[in-house]
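In the part that follows, the structures are each spelled out as structure tokens.
Two complexes are shown next, each including chain A; its partner changes from chain B in the first to chain C in the second.
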Partner chain A sequence: MMELLDPIVLTQFAVGGILAGALYALLACGLNLVFGVMKVINLAHAELMLLGSFLTWLLFTTFEIHPLVALPFIMVVLFFFGYGLQRVLIERIVGTTELSSLMVTYGLAIIMMNLGLLIFSSDFKAVPALQGAWFLWDEIIISIPRGVAGIVALLVTLSVYLFLEKARIGKAIRAVAEHADVALICGIDVVKIRMITFGLSAAMAGAAGVMLSMIYSFSPETGPDFILKCFAIIIIGGMGNFAGAFFGGLLLGVVEAFTAGFISTQWAEGVAYMLLVIILLVRPTGLRGKAHA
Partner chain B sequence: MSSSSEVILRTRGLNRDFGGVHALRHADLDVQRGKITGLIGPNGSGKTTFFQVVSGMDQGGTGSVLFNETEILGKRPSQIYKLGLARTFQLSQVFPAMTVLENLIVAGRNHDRRDRDRAVNLLKQVRMDAYADVMGSDLSYGQQRLVEFIRALMSEPSLLLLDEPAAGVNPTLRKVLWKMVRQMKALGTTVLIIEHDMHVIDDLCDEVYVLNEGEVIAQGAFETVREDRAVMEAYFGTAQEEN
Partner chain C sequence: MRNDLIIAALLVVPALFAPMVASPYHLTFLLNLWMMIALAQSWNLISGMTGYVSFGHAAFFGIGSYAGAIAILAGWPWYLAVVAGAVLAWIVALPLGVLTLRLRGPYFAIAMLGLNELGRIIATLWVDMTEGGDGIALHPDLLPSLTANYTLMLILAIISCGMVAWIYNGRMGLELRAIREGEDVSEMLGVDTVRNKVIAFVLSAIVPGAAGVGYAMFTSYIDPASVFAPVLNIQMIVVVLLGGSGTIWGPVLGAFIVTGLQEVFWAQFPMVHMMLMGTLLIVVILYLPNGILSIIHKRKRIRPDQITPTSEPAKSAGMQEVER
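Our next item is the complex of A and B:
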């Protein structure tokens, strides 16, 4: 037990946790973005991520295109897929009850998963494009795939955050998230902004899928594990709050890493939900959420 | 009847029903270009509904709404805004998690540096330039109303619909607000204003329309309208006896 309290070991857990958490954060921020702007809970978000994973696998196995090279292309494909999906399907449930959005997106998730099973079968796939390990200060070891995935996930999330803060369309997205009616009288085309938002969320899911493919094996049935953790993260961070989802993702990654190190990896799988219960007891609105009357 | 070039907004046979309730009934209004027109009436008379339908926020209206001789009934609010019609809400509606400057820039129409410059200029005019980086949620209610008002000016509208802009605003900020409204008129902006304070209506407006139960019951100069029997009945229940 004492060797676990060695600063080197603790730093190893923390760095590994942050890198894993960065992937959670990327995925959860996309999910929270859609919820924040249109109050739609997208249960098909993990399937969008897997679409990114399978596209990566196809490009890698068929054309030997490296996942990092494929990343921008896959994000663009997923953006337009999400943009179109919003136009033909999701827009119809904006403003309806949460139950409607759950039903529709759950149906979409089932369709996407079964299409995946038909096309790719239930066999697990992997994209072993990166191998090896980095050594920090000669003692802290980071596997290159996890390190690259974590760093890229952080960069993508940060880029989207800056886009929301600085770009004109980003400000319009925030305006629609805060007050759709007021955004309308500010000349903002709210329907178009919602399409862009869903496209952006899908592109983030696609990027997470590319990173996932390099560090995990995956099948069309992998989605539910991730979507449940994502829900835990956005509730922990604060529903609809982009920064909250980011910090919630990092927190979960770190807590999982320490739990796996100090207790066991089986416990690490359930720690998201324990963390969820604790946060809800201490701060029901989540870390960065605000109470609404 | 005024010629169409003098009229910036013309509604004809404008109706809006909510189930069995007629919120607007054949509401015919002509808003004169370059003037300040008041829209008054008792509570529930359809004033805000009129704004909702004209600005495209409520898509359930029937009839005709001509803005600069273009039919705008059925157009989306963002399209109407781009045609040059801006509005404010009855209750203050700023974006709480955005700075004051962002609140303004988001309503700009140029999408470049000119929007920022205009926003800064407008903030100076209402003496709020020191608040540019303050979050919307951290403003007092009166300041929020001022921000909402100047946000409506960001697009340099030719017609401005103001829905009780001074409600809840302290007397000092009110003076700033009314001064700005007069300035807008001087610069050629047409204003249609809903206001319950009859002194303000008397002081500001060139013409007044009175709505009751969704119908226009009187129109003209304030001095004329306030003597109108139908108006007095709408406000007081019965016409006041002349002494």
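Our next item is the complex of A and C:
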């Protein structure tokens, strides 16, 4: 046990955890963005991510395109996919109860997952584009795929954050999240903003999918694990809160890394659910959520 | 009420005589139908009545089938194994309901989604007890005949329908529906919302627990993926919503339709079947939120969660707050 308390080992866990958490953060921020703007809980978010992963895999195996090169292309494809999805389907459930949005997106997730199984089968795929490891101060080892994936995920999340803070459309998105009717009165095309928001969220999921494909093996059935972790994160961070989802994601990554290090990797898989249960019991509306109206 | 009893008699009496005339193939089909009714009606009891959607009721089915299978391996007679499955599901549901039903709306749905995954993970990892991913195979000598199994499922279907009808027509049914329509208001009017929700939830776990044992005995083999199955969750939801959620006969009607569709699609194309279920779920939510029964009844009930496709922004977020 003592060797686990060595500062180098602890730093190793923390760095690994933050890098893994960056991927969760990217995914959860996209999910929370949609919830914040239209109060729709998108259960198909992880399937959008896997769409990105499978596109990466297709491009890598057939044309040998490097995932990092494919990243902008995949994000654009996912953006328009999300944009269209909002136009055709999700717009119809905006403003209804959260439960009907849960069920429609659950149906969507089931359709996408089984379409994936039909096309790609349930075999696990991987995209081994990067290999090797970095050494920080000769002591801390970071595998290059994980390092790159973590950093890119952080960069994408940060740029979306800056986009929301600074860009004109970003401000419009925040306005719609704040109050759709007032935004409408101010001359914002609310319906279009919602389509852009869902597109943006899908593009973030796609980016997470590209990163996922480089570090994990995945199959069409990988979705549920991730969507549940995302829920844990956005409940920890507060539903609809972008920054909360970001820090919640990093937190989950670090907690998982330490659990894996001190106890076992199998327990690490379950720690998200335990966090979820504990937080829901202590604060039924989430750590940063408002009290129930 | 009298009409309900007449319909029930018309369904149950021929069903009791089916084992004497039907071939094993048809009997299996009917067994699946009764199982579907039992499960869907249980889901209806908590989710249809209160509006608290459970995305993980298959967890109780899985817990029950593992409890039953392990009990049978330990030498218990099969009917005691069925009781064991029901009791264990009940024991798990009680603290779970007390914990999760304090939560409003989507949190409960998410917690139940997690429960099913957690159940599957535990069943896979707890190798000493469950034989992990290899699953448990039951020797045919230990199991009841097809007719006994069929009767068990029929009884479970009747119990679940009876439970729903009894609660629906009683004070508790009114209170549960009041919770669905407006939880804060009903609480203010003196409805003990948490107590009602927990009772409904615990009752809704018992029949799936027993049905899980029936399933394990019928297939004689279970593994984590087949009993903690997402397909069961979505089938329960689709069956209830298609027929009419929160009604007595809706789930029965829905089960007939879905089991029929399943007979056509399931065997050849499992994935197409799942996609069909997903599509059906979306179509029902968008175009038929009160289910088929609402067309038959023609008596339009006005519900706040009734879905109107609102593309015009004026009806978005802010306005809806008031209606909720």
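By our rule, the second predicted complex is superposed on the first by the 279 of 293 C-alpha atoms of A that agree within 3 Å, B and C clash if a C-alpha of one lies under 4 Å from a C-alpha of the other, contacts with A are read in each partner's own complex, and residues count from 1 in each chain.
Criterion: a residue touches a chain if its C-beta (ideal position, glycine included) is under 8 Å from a C-beta of that chain, and two chains touch if they have at least 3 such contacts.
Remember, it's a predicted structure, so these values are computed and weren't measured experimentally.
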| item | value |
| --- | --- |
| Contacts of A:Gly187 with chain B and chain C, given as first, second, both or neither | first |
| Chain B versus chain C as contact partner of A:His179, first or second or both or neither | both |
| Which superposed partner A:Thr61 touches (first chain B, second chain C, both, neither) | neither |
| Touched partner set for A:Lys171, first chain B, second chain C, both or neither | first |
| Contacts of A:Thr265 with chain B and chain C, given as first, second, both or neither | neither |
| Chain B versus chain C, judged by how many residues of chain A each one touches | C |
| Touched partner set for A:Ser159, first chain B, second chain C, both or neither | neither |
| Chain B versus chain C as contact partner of A:Glu98, first or second or both or neither | second |
| Overlap of the chain B and chain C footprints on chain A, listed as residue numbers | 179, 181-182, 184, 190 |
| Residues of chain A touching chain C in the complex | 38-39, 41, 89, 91-100, 102-104, 106-111, 113-115, 117-118, 179-182, 184, 190-191, 224-225, 228, 231, 235, 266, 269-270, 273, 276-277, 280-281, 284, 292 |
| Complex contacts: residues of chain C adjacent to chain A | 51, 53, 55, 99-100, 102-107, 109-111, 113-114, 117-118, 121, 125, 230, 234, 237, 241, 271-272, 274-275, 277-282, 285-286, 289, 304-305, 307-311, 313-320, 324 |
| Touching residues on chain A, where the partner in the complex is chain B | 168, 171-172, 174-175, 178-179, 181-190 |
| Sites on chain B touched by chain A in the complex | 55-57, 76-78, 81-82, 86-87, 89, 93-98, 102, 105-107, 109, 111, 151-152, 154-155 |
